[in-house]
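Chain IDs A, B, C and D follow the sequence of writing; residue 1 opens each chain.
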Amino acid sequence: MIDQAETLAWDAATGQRERLVATRRMFHRIAEPGFCEYQTAAGIVERLQTLGYDVTTGTDAMELSAAHSVPEHDTEVWFERAAARLERPELIASMRGGATGVIAQRRFGPGPTVAFRFDIDALPIQESADQLHTPAREGFRSEHDGWMHACGHDGHITLGLGVAAALDELSDHAHGTVKLVYQPAEEGTKGGAAAIAAKGHLDDVDLLIATHLGLSADRTGSVACGATFMGTFKYRATFTGMPAHVVLAPHTGRNALLAAASAALNLHAIAAHPDGWFSLNVGRMTAGTEQGVTPARAEIDFGVWYQSATAQDYLRRRCIEVVHAAGALHGVDVDLQLTGEAPYVEADPILAERLERVAQRIPDVGSTARVVICKAGEDATVMMERVRSCGGEATYVLVGSALASGHHTPTFDFDEASLPIGVAFLTATALERMGDGWTES
Amino acid sequence: MIDQAETLAWDAATGQRERLVATRRMFHRIAEPGFCEYQTAAGIVERLQTLGYDVTTGTDAMELSAAHSVPEHDTEVWFERAAARLERPELIASMRGGATGVIAQRRFGPGPTVAFRFDIDALPIQESADQLHTPAREGFRSEHDGWMHACGHDGHITLGLGVAAALDELSDHAHGTVKLVYQPAEEGTKGGAAAIAAKGHLDDVDLLIATHLGLSADRTGSVACGATFMGTFKYRATFTGMPAHVVLAPHTGRNALLAAASAALNLHAIAAHPDGWFSLNVGRMTAGTEQGVTPARAEIDFGVWYQSATAQDYLRRRCIEVVHAAGALHGVDVDLQLTGEAPYVEADPILAERLERVAQRIPDVGSTARVVICKAGEDATVMMERVRSCGGEATYVLVGSALASGHHTPTFDFDEASLPIGVAFLTATALERMGDGWTES
Amino acid sequence: MIDQAETLAWDAATGQRERLVATRRMFHRIAEPGFCEYQTAAGIVERLQTLGYDVTTGTDAMELSAAHSVPEHDTEVWFERAAARLERPELIASMRGGATGVIAQRRFGPGPTVAFRFDIDALPIQESADQLHTPAREGFRSEHDGWMHACGHDGHITLGLGVAAALDELSDHAHGTVKLVYQPAEEGTKGGAAAIAAKGHLDDVDLLIATHLGLSADRTGSVACGATFMGTFKYRATFTGMPAHVVLAPHTGRNALLAAASAALNLHAIAAHPDGWFSLNVGRMTAGTEQGVTPARAEIDFGVWYQSATAQDYLRRRCIEVVHAAGALHGVDVDLQLTGEAPYVEADPILAERLERVAQRIPDVGSTARVVICKAGEDATVMMERVRSCGGEATYVLVGSALASGHHTPTFDFDEASLPIGVAFLTATALERMGDGWTES
Amino acid sequence: MIDQAETLAWDAATGQRERLVATRRMFHRIAEPGFCEYQTAAGIVERLQTLGYDVTTGTDAMELSAAHSVPEHDTEVWFERAAARLERPELIASMRGGATGVIAQRRFGPGPTVAFRFDIDALPIQESADQLHTPAREGFRSEHDGWMHACGHDGHITLGLGVAAALDELSDHAHGTVKLVYQPAEEGTKGGAAAIAAKGHLDDVDLLIATHLGLSADRTGSVACGATFMGTFKYRATFTGMPAHVVLAPHTGRNALLAAASAALNLHAIAAHPDGWFSLNVGRMTAGTEQGVTPARAEIDFGVWYQSATAQDYLRRRCIEVVHAAGALHGVDVDLQLTGEAPYVEADPILAERLERVAQRIPDVGSTARVVICKAGEDATVMMERVRSCGGEATYVLVGSALASGHHTPTFDFDEASLPIGVAFLTATALERMGDGWTES
């Protein structure tokens, strides 16, 4: 009976309480960069196979050409490192080159397909060694110098494994198929999601639930059932001109620095769009070598964050227009690379309302929100858009958690008590759709 | 005998002394803009026909499509004005539309062809009414409000008529053909010279002498026998974007003001050329209408002055590149009109030396210079380049004259005593080539 | 009984139906610019005095130094014109110099003070002569060439006179004081409102109701009871440099054009503010005279429209900073004049709800809105802010009217059937506060 | 007899032929950066002391605060390296901190003071290891990886030691005092010359002769007796703003990247100066860190090269003005450091003519030039200006030498046969002033 779904989920979640903490701490220790999460992915694969899920990895899971910024050199370095440390290095053989996504599937007879999205990458932050910082004090600080799970993705991995175990336990009550999608490289919206979506893994999904711990849900026991993220895209523009001796032959130079400077000024001068706020930033520029030589090379990194689907095409068109014309101003070649991207996707208020009713029946869920606005981009929106375009439903839920300090800081930590609550809520959302109440429509 | 040429010329010139002054004052009174010199041209034609010269006018004299900036509306207004005032309006019928150049020719038997260039246009300056200003005090101030012969072109016209009369008187001593070329629209290098050159009138010229009173030759009795002017080109760029209500639909605008502003900055930032100094100036900009509307139209006027033939192509290429790319920065259409142009043409030191010897034999010529550098553009360089490209010789001479104040000022005036000296010098330069010393080579 | 207020108001309004149309058409014919509304103001004064109101005009009504952009020359021209046409020119003697506001007051015994704001200026638009355009066809097209009531302010004047007459008729039911405030120069937020507020006329007001016909309320019979306008400010920046001959002495120039161009680019590049959307536009620029002279003078007009009180200080500080620094870039003096300004003032939802209940009881009011967002600035917000700062309440109501074409177009016209509905609604809002239900609190 | 001076000099020079080559090769091997020439200076000191010269070093030789760009960290690294390798490390104790200049003096009785300037620093160029490159083939390639004598300063050191030895040999023929000034850090005009001049060592000099091998004198046996170098100055501008999260709080950022971009554009837009050509280049820019953060730091390196003393003040004033105002545009702090500087100093044609007569009497001097124009800056002009301002004479001579490839290239090499010719010429120029022909005036 569907009325029992939340109770079943709650029991299945709380039974794993200690295991969830242990799992989280293990993954916290092996923080890895985006497209380099080899040890992490191996750990996920091992656990899911044990639970009887069909696991897809490597280029079967991802179309890497659809990603934006795979770091070729770094991914090889981290691959070697992982291969040397793993007991079963064969687990990552298929992932070489950055294909670190993992898709686990389990069929519980006829019924709808429900998918969950979890992200697995860490951040280039040196984790605090302060004894007030729990991971330091309790001995699970990152072993990878300069890299840290400072956004809670270690918790997301853990939630996914908890849901997998709970559904395994509740398999008699599940009808249909569940997909657990672990994506690399969420930070910077570098295209981990796009690479998985491009492979078609989401095209048969009836309901996609993406998840984050914390953010604006910063109390343990709170839950938000829909979230609207900003759209974003990021570019690197490279300007290639011609060097010249500025005394003997200044006229033969083609000045990449002035091209990039004009690009920066005119990008920032892009006019407002009536359908919503946006922020554009040229965040980095390097150009030239020394005073006596016309700067022959320049590079700018810029990003845009916006809050409406209609503004997106306008902003992108203008950015491309400005950068190319700025090169032409000084006879300079321009190469424009998309380095990150996630569309603006609005929350589905009807779905959110449905999930809110589920949340309200979970013990220990103290407060719920239907839809929240998040001032950030999220790679998951790529998947949400894909699912919706194929006729499915998609939402983004926040699992509330008290935070030790802000996301992306060296002392970030979340409240591990939120893990069983999150597992219960996510399991119950799956059962809301594929539980005993399900009937073929 | 050639040794007598200077004496003959001197006598022929000084005999006209009073007539030269009267002529100059008559033309001073009827100052007219470039391509609008109808009354002026009619006066020139009448006098030259009386002296027995063959006169060519209108589109027989000029290829107007080769000019840069014929002011369509103004030229019609001045045509009507002149037609209403002239006793013989039929004299200007052929000139309608701006073809106000006059070419007078006289053949004195076999021999070389010597041409003189005189310019005839006035300036948009309100002439001083101060009684210290001779034209005001002596009653020959400009009758055309807002227009004034403030650069001495009234004197140039007079020099040309004086040479015509002197050669008529000395026809027994002349061998070959003389051409007196009166060009409109020298100021701003708007293409009066180009329109005459395009018609081929200079292609058979063996020696071209262009003339100016004053400039750096600011003492009566001095003479410079060669002058190097700067090259110059001028453009008007018109940017056409799209207006938009900046609150309701700013994203639909295409901003011509920002395009023009970027053009101005990047034009000024054009890199140095090793072969010589140049100055570039965006001298005027207008854009847009009011705060609440995206500026849909902008216009800039800019010019470049340079001192080397090799720099010219570089500068022009860069200007064109910058203006078009600046439009593209904001998705704005660009129209670029050449509004003025005169090439850099170096003085011919050997010819200058020859003429210096002539000058030194003229009574009342107190000092001579061989070659001077003039920091300005000159439309005559178009003709000089044409003559040289056809195998002829060309020079630019300065007839020294004490000046009441600087060129292009409301109290500009020159010393009328310089007129007979100029006529003598110019007549003698013609005789140096086509006088009794001439023998078929 | 308060329950009857709407019926009383409705009767008093519909009784004036024909007079309202005649009044509106009379004022439509004499469209005048902001700070030049002499004939208009004289007409208002005459009618209000007839109805027994105390009328304040001229510098008793306005502190002109608090306005931003009084057009000195134009206001004198329009004064002379009006003086020549009026039967009683003494009516405008006190207004000379632009003080064309009118404040009419009537005391109906003890009670609260309720004020209404009406604007009276026209727009620089040539009114359509098309026979499909009702004012043209029915003979009340603007007699002032190039100026037109294209925003409905003629209707606002009429509403005010209708309210004055209705309250006069209902004086037995009114308790307290009513103030009818007619402000000049609303268009461009040039400071007509500020000049009246500065005089203190609003400091004792308990309830201020500002009014507009149409806008988003584009159906006759609809009413909006609160409106949030954008904040706005407008500046004219004048850059004064030094001219120079760009060939002889370019280094002595100080380039106002490049200063203004840098200002334009960097103004447009002002970073986003998290508290709300804004649009900034440099809408007009003029600079320099001709190619050969360093531009010594430049002028830009720019405006900002924003949607949050917190963004205002940030935007203003940055604008001032950019303009002054842009002058300093080229050693150019900067003069910055505020030419228009109106703060962001949010609607009062509680007051709006109260008025909505009033509106719903007016016959012929078919639909009501509580609060609408208007994407424009409004000079009335200056008055609303003043009233609130003195402890009073303020709102902005829209009187719905079918429109022939958009505001600020040559064929703009509104449905005159909206006039009695508007008079009824406004009169009823006054009675809601100062009617029979009033008791001293 | 003065007539014998050149013969004496020639004999004294050719006698050292082999020693000169060995000396040059030794110094070539130990190429060191500017202000780091410790081994080099130690070698110079040892040889000069052996020849009986009074040697001044360290802060007695240099006022380091007058230099522009002493590299604090690097100079310490090179000091340690040199100290470890030298047999007599006490020779460099006084030089620590970058004071690597050496001044050697010898008095030959009463008479004028003649000084020579030699520069001793190397360039950040990896020397070619190609066997066609003589230093590689013959085993005297630079031992300091990444640093190379690629401009011939090893030859200059050698010329100086050769002159010292020749004058020692000819001491009976010398009257007065000779000063050999060895300056560090000529490359980049970083102020080695200024630091020595500031100490007053040049204030009693009657004749200063600065020297360079090669440049436009690229044939062995040619000599140029005067050279006019360009003036130059170089700056590093550092912009310090405020970082901000560009989504959450863009308005709190102060954008150093846009400040630097505006500086770059407006520096390049500095107007022409009538007194001569110049080239300005912003050669390097770095700004910001990543897309999501307002760039809080930016740095630009720029330089100007000019050809007239009058343009210098104008250019410097405008550069300073632009950089500071560009910071103010974005509320960003600016730090402007002079990193290099050398004034424009014209050759002395009369002195050059005198030296040309000397040169023409030296055997093996095949061709002479009086004055050449060098399109580059030279630190020595600081010294020349100082000597002239104290009433002395100064010139810059080029000792011709066939070159293997261009200056500042990895295969640069000069013809060692030019060394004795140079020693002879320089010795003879000293004797021209202080030789037997000298008489107290």
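Here is the rule we use: a contact is a pair of C-beta atoms (placed from the backbone, for glycine too) under 8 Å apart; a residue touches a chain by one contact, two chains touch by 3 or more.
None of the values given here were measured: they were computed from a predicted structure.
Relative to chain B, the most remote chain by averaged C-alpha coordinates is A.
C-beta contact counts were set side by side for B-C and A-B; B-C has more.
Per-chain Cα centroids separate chain B from chain C by 56 Å.
Measuring from the averaged C-alpha position of chain A to that of chain B gives a distance of 71 Å.
With touch defined as above, residues shared between interfaces to two or more other chains in chain B number as follows: 246-248, 250, 258, 262, 265-266, 268-269, 271-272, 274, 279, 281, 294, 375.
Note for the complex: chain D touches chain A at residues 230, 234, 246-248, 250, 257-258, 260-262, 264-265, 268, 279, 281-295, 298, 301-303, 305, 340, 375-376. Within the complex, the chain D residues that touch chain C are 244, 246-251, 253, 255, 258, 262, 265-266, 269, 271-274, 294, 311, 314, 318, 321-322, 324-331.
The residues of chain A lying in touch with chain C in their complex are 265-266, 268-269, 271-272, 274, 276-281, 375.
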